[in-house]
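Next come the structures, one after another.
Look at the two complexes coming up: subunit A is in both, with subunit B in one and subunit C in the other.
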Partner chain A sequence: MKVWEYILRRLLLAVLVIFGVSVVTFFIARVVPSDPAALWVGPRPSPDQIAAARVKLGLDRPLYIQYFYYLGNLLRGDLGVSIKTHQPIVRDLRAYLPATLELVLVGMAMAVFIGIPLGVLSAARRNRFLDHFSRLVAVASVSIPTFWLGLLLQLIFFGQLHWLPISGRVSIGTALYRPIQTVTGFYLVDTLITRNWPAFRDALTHIILPAFTLATYAIGLTIRMTRSTMVEVLQEKYIVAARAAGLSERTILFRLALKNAIVPTLTVLALSFVYSLTGAILVEVIFSWPGLGSYVTSAIINVDFPVIIAVTLVVTVFYVLINLVLDLVQVVLDPRVVLK
Partner chain B sequence: MREPLISVRDLQVHFHTHAGVVHALNGVSFDLYPGEILGLVGETGCGKSVTGLALLGLIPPPGQVVGGEIRYRGQNILTLPPAQMRALRGGKIAMIFQDPAAALNPVFTVGEQIELVTRRHRRMGREAARRQAAEVLRSVGMPEPERILDTYPHELSGGMQQRVMIAMALSCGAEVLVADEPTTALDVTIQAQILDLLVDLKRTRGLSILLITHNLGVVAETCDRVAVLYAGFIVETGPTGAIFQSMKHPYTQGLLAAIPHPSSRGRPLQAVPGTVPDGLQLPPGCLFHPRCPFAWDRCRQERPVLREVADGHQVACHLYAGEAER
Partner chain C sequence: MTTLIQPFLERWAHEHRSQLEEYRLMGRAFLRDRLAVASLVVILLFLFGAIFAPWLTPYPEQGRGEPKMEEQFQPPSWQHPLGTDELGRDVLARVLFGGRTSLSIGFLVVIIAVAVGTPLGALAGYFGGWLDEAIMRLTDIFLAFPSLLLAIAIAAALGPSFTNAMIAVALTWWPWYTRLVRAQTLSLRERSFVEAARGIGVGEGTVILRHILPNVMTPVLVQATMDIGSAILTGAAMSFIGLGVQPPTPDWGQMINLGRIYFISRPWLTTFPGLAIFLVSLSFNLLGDSIRDIADPRTRRAVR
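Our next item is the complex of A and B:
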């Protein structure tokens, strides 16, 4: 019961945060010296055209009225129209957001399944070979420039080995002969539920390189964060007690110790996740991945404020939700944590 | 003559630190018989905990056993393969610690922790493990064991936590319990209850307990025999009565003289003037000679060995060497 009350309270708070963010971004958008009406009309507009666009976009009305219209639309799920492309933003997001989410989620899964075990084992074998090795991996993965790594991986796995495709979400062949029916927009999920196996395979091979490139930084952080908390936890008396009880090293490391050490790692992963929603631009460009990063970057270049605001709101929603989930996970993991 | 369950001979443990080699144990020898409580006493840093951990093969790095042997039922456990040693730990030899709050995993329920141990050592299903966990909790005098299974350690009092630790230690039918200062962190009434429980377990189950403590009052009340440790070396061992009434070693005499009044019971041992030798640089000859009022030339050159002075009462001191030798 208490938990539901807490979730409800946090969700209300989230609505406030999102409202606040919408206000701030909206007004920033209006004070920046650029003319949306001129952008809307396109290159070399006539004054009449601009004036007409101004009325059409409602820019002739007072700012607070504009905001209330905007908010009203927002509540109806309408994020407005791109000034540049004149496309409804919701439609764009429906294409770009799942692409990005899929990429980021696969990347985070890699960070979890590579980073956490390496972190745990290097804490357990402190200052031995595996630890030095994983330190090297971690340092390399946070310091290698993304674009360089992306190109290198393309060179190796596409150019030399011909194992993996170079770019895009699926190959042209799949698009033509085994088209993916969009249900969720996540190709891996959609191909699974429609049992489109060749397309699933194709989507999977396409996502490996970009997801790994995106995940390297998170992998490095995860290794180091997991290692450092695990090193602390492994010195606790209850670990000695678990050894004294004859429990296996695997149980001790991956069950008894890890549950005590996981929260900082999850925090790092959550932050990487949110960051990657828009921060994956380099990866998206290198691998021609039609994601949110490229979308918002071109919006920024074009001063396409409705798009910038909409993406900001989407990221805010994710940020708020992820934090809520993180807090709840913490409660589940540690009975001593009390919800405030 | 009964066979000892555990027999430690000339155990030597070194810690290889940056500052140099710390000589933590320098010849620890004692026997632990079935169904007895042996008290291991000595000042702080004399190697009590290291001795206890050694019995479970758990000397922490950079520590290393460099000599001697530990026999369990005649088998030298120092040479056992890791898998067999692990089966012994918790299965036959178990350990409980000074601070039960720290020795219990805070994020697992009491039941989960006990079941993990029982299922590690005996093949059984979830249900059976849970029933067994409740049973073992009841056997250590825990009220409402079923409810306790679903609680987390921080919801229990210190005394209850220590009972849980004992339950966990015994859940696989351990024969030997190493109890490292099991009551030091508890308040006095709870302390007495836990000690009563240990004595009770000895009587009813025939459990053998190595009771590590620096509280001589505890020793007098609960232990059948005592071993006195000084600088990682057993200087005297014998039946509790003999040690308290006719202690022989100058160090033991100092220890006991330092309890002038029953009210000082429970204070840490600070017995004899001078300080414990630094493990990095041990004195030659008798380790106690720099502090010993009786020391003479021989003490500075030759390390004494344990010699029987009365039935089951052994002392390592040149004062009690045979007349001829002396």
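Our next item is the complex of A and C:
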């Protein structure tokens, strides 16, 4: 298969998948619930309200026509209206998305700076204490319930040590006396641009615990992946040659070997980035972080169905696009993958 | 009686001797892996606790949900080794009873996923063509969703309950088995014993049932053991956000959700159910890793 043929096939598949995803969400929104109109009206509906909603939602029309209306709205960027707030969901998403993205990005940075070095050192000192320790961390981090880990960290760092704040994005004091001007919606960036140093410090201390909680899963995966690829690379002849030439261990590990072991790790990191977008749902509940996760969970409590469906759809499309980019980047970096 | 079936048993053992030898080697490798044996013991202990919960605690009615307000928020003591919760119920009893729902959701999700995913994978791999294309594109679509989010949306549409949470999670899980079984079937289809069966005129259905499915079961079972831990975690997450079992029936994730507002001053409400989830899921992950290594003769020897 030629490279461009592969790329074309991959693009077509992405289009097909996004189309399929819209069908599945439509199905969940309109066909699965026993009465979508009752869900739309909210708790304790009156019969008149339900009848009105049925007409408004087009539920009196055939199913395939309903789907085309649904698809048409999506293509125009209309995700519907929240039952609870009566706001267009797109506007809500714009407010909540930066908070979640900031959390996920800081978490990913932690995964890079903790996971990769631990994986490299673990491979270099195979079957010694550090290796056993980091393999234990790797297994534990994929087995621990994140929401429980978050509570434990709160108990230790807030309840016992009083080092870090328990929840929220900033403290009330900052919100009142050094309010953050919203430019990008990322508080760490906004406070830097506006040189609001006390607020920057405050935002930084608030993000450490939730970001770390979110990052544990990615840290575990990164350790595992880095270790296994490094173990292979370290047996190659050029590493033996570098050792014989007397290069320092640090240069060998982090400059020569890591360069060839990094690609699978980066793939894992990109995948756990998207995974973290959903992991954030649980973490945000624990840390009262005002992002997508808090938005979805309050929607679950309020039976705000359009919100749940919209968030599912948006995050999934995000997921598909990142996977697509990842595959295309891999083809460019290493055209051999086309052969598989 | 014994003399009657003896010859049949011997003949069966003789016909299956290489298979039996394989199992014996697996068993020996497993017993040498101390971590895996310890994991199995932990899992069996939790299963035992869940099954015999009514006889293991002096407060079975509290385990099922009956409140006792005068004993609210007691820290761990001799009467209540893990303390009492916001309604005065013994936390140990709640954890034991919670194991019934939390563990069964993990097992049932994997069982449903295997039951749906395996036949689809065998059909796709065996017949190929448009059927293969259709089934595989369907798995592409389902795998495109972040699984927790899809489960949340489905469970929210169906309404929160144990059964619905289970169905919702299983719906996000089956495509992995379909892909696994399809890949196995593709290579089995070319093997001579399958061609021979077809050659002597055995029907397509019989070939799949008698020759393909028995041979894909080992990788499927290995994958299933590795998945139960994450299925339990996902189930706990569902009930943590309120989409799983509804009170008063306990569940570990739900107990953490209900106890978390008192967490700083009364940590025992959430610490113990969380520890239970962690231990069980860790044990399943360790056991799954070990079984994967043991089932493959190439890596079996490396098992310590």
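The definition used in the following text is that the second predicted complex is superposed on the first by the 280 of 340 C-alpha atoms of A that agree within 3 Å, B and C clash if a C-alpha of one lies under 4 Å from a C-alpha of the other, contacts with A are read in each partner's own complex, and residues count from 1 in each chain.
Just so we're on the same page, contacts are C-beta pairs under 8 Å (C-beta built on N, C-alpha and C of every residue); 3 or more make two chains touch, one makes a residue touch a chain.
Because the structure is predicted, anything quoted here is derived from the model rather than measured.
J.: Look at A:L247 in the shared chain and tell me whether it touches subunit B only, subunit C only, both, or neither; answer first, second, both or neither.
T.: After superposing on A, A:L247 lies in contact with subunit B but is clear of subunit C.
J.: Which partner does A:T316 contact after superposing on A: first (subunit B), second (subunit C), both, neither?
T.: Only subunit C is touched by A:T316; subunit B is not.
J.: Is A:L192 contacted by the first partner subunit B, the second partner subunit C, both or neither?
T.: Neither partner.
J.: Based on the superposed arrangement, let me know which partner A:E236 touches: subunit B (first), subunit C (second), both, or neither?
T.: first
J.: Just to be sure I read the superposition right, which of the two partners does A:L333 touch: subunit B = first, subunit C = second, or both, or neither?
T.: In the superposition, A:L333 contacts subunit B only.
J.: Taking the superposition as given, does A:G20 touch the first partner, subunit B, the second, subunit C, both, or neither?
T.: So A:G20 only meets subunit C here.
J.: When the two structures are overlaid on chain A, which partner does A:F147 contact: first (subunit B), second (subunit C), both, or neither?
T.: It touches subunit C, and subunit B stays clear.
J.: Should A:I300 be classified as contacting the first partner (subunit B), the second (subunit C), both, or neither?
T.: second
J.: Who touches more of subunit A, subunit B or subunit C?
T.: C
J.: Would you pull the subunit B residues touching subunit A in the complex into a rising list?
T.: Interface residues on subunit B, with respect to subunit A: 53, 56, 58, 60, 86-91, 94-97, 99, 102-108, 116-117, 120-121, 152, 154, 165, 168-169, 172.
J.: Touching residues of subunit A toward subunit C in the complex: what are they?
T.: 13, 16-18, 20-21, 23-25, 28-29, 32-33, 39, 139-140, 142-145, 147-148, 151-152, 154-155, 158-159, 166, 274-275, 277-279, 281-282, 285-286, 296-297, 300-301, 303, 305, 308-309, 311-312, 315-316, 319-320, 323
J.: Which of the residues in subunit C end up touching subunit A in this complex?
T.: So the residues of subunit C in touch with subunit A come to 137-138, 140-142, 144-150, 152-154, 156-158, 229-230, 233, 236-237, 240-243, 253, 256, 260, 263-264, 267, 270-271, 274, 277-278, 281-282, 284-286, 289.
J.: Give the list of subunit A residues in touch with subunit B in this complex.
T.: 236-238, 240-248, 251, 255-256, 259-260, 333-336
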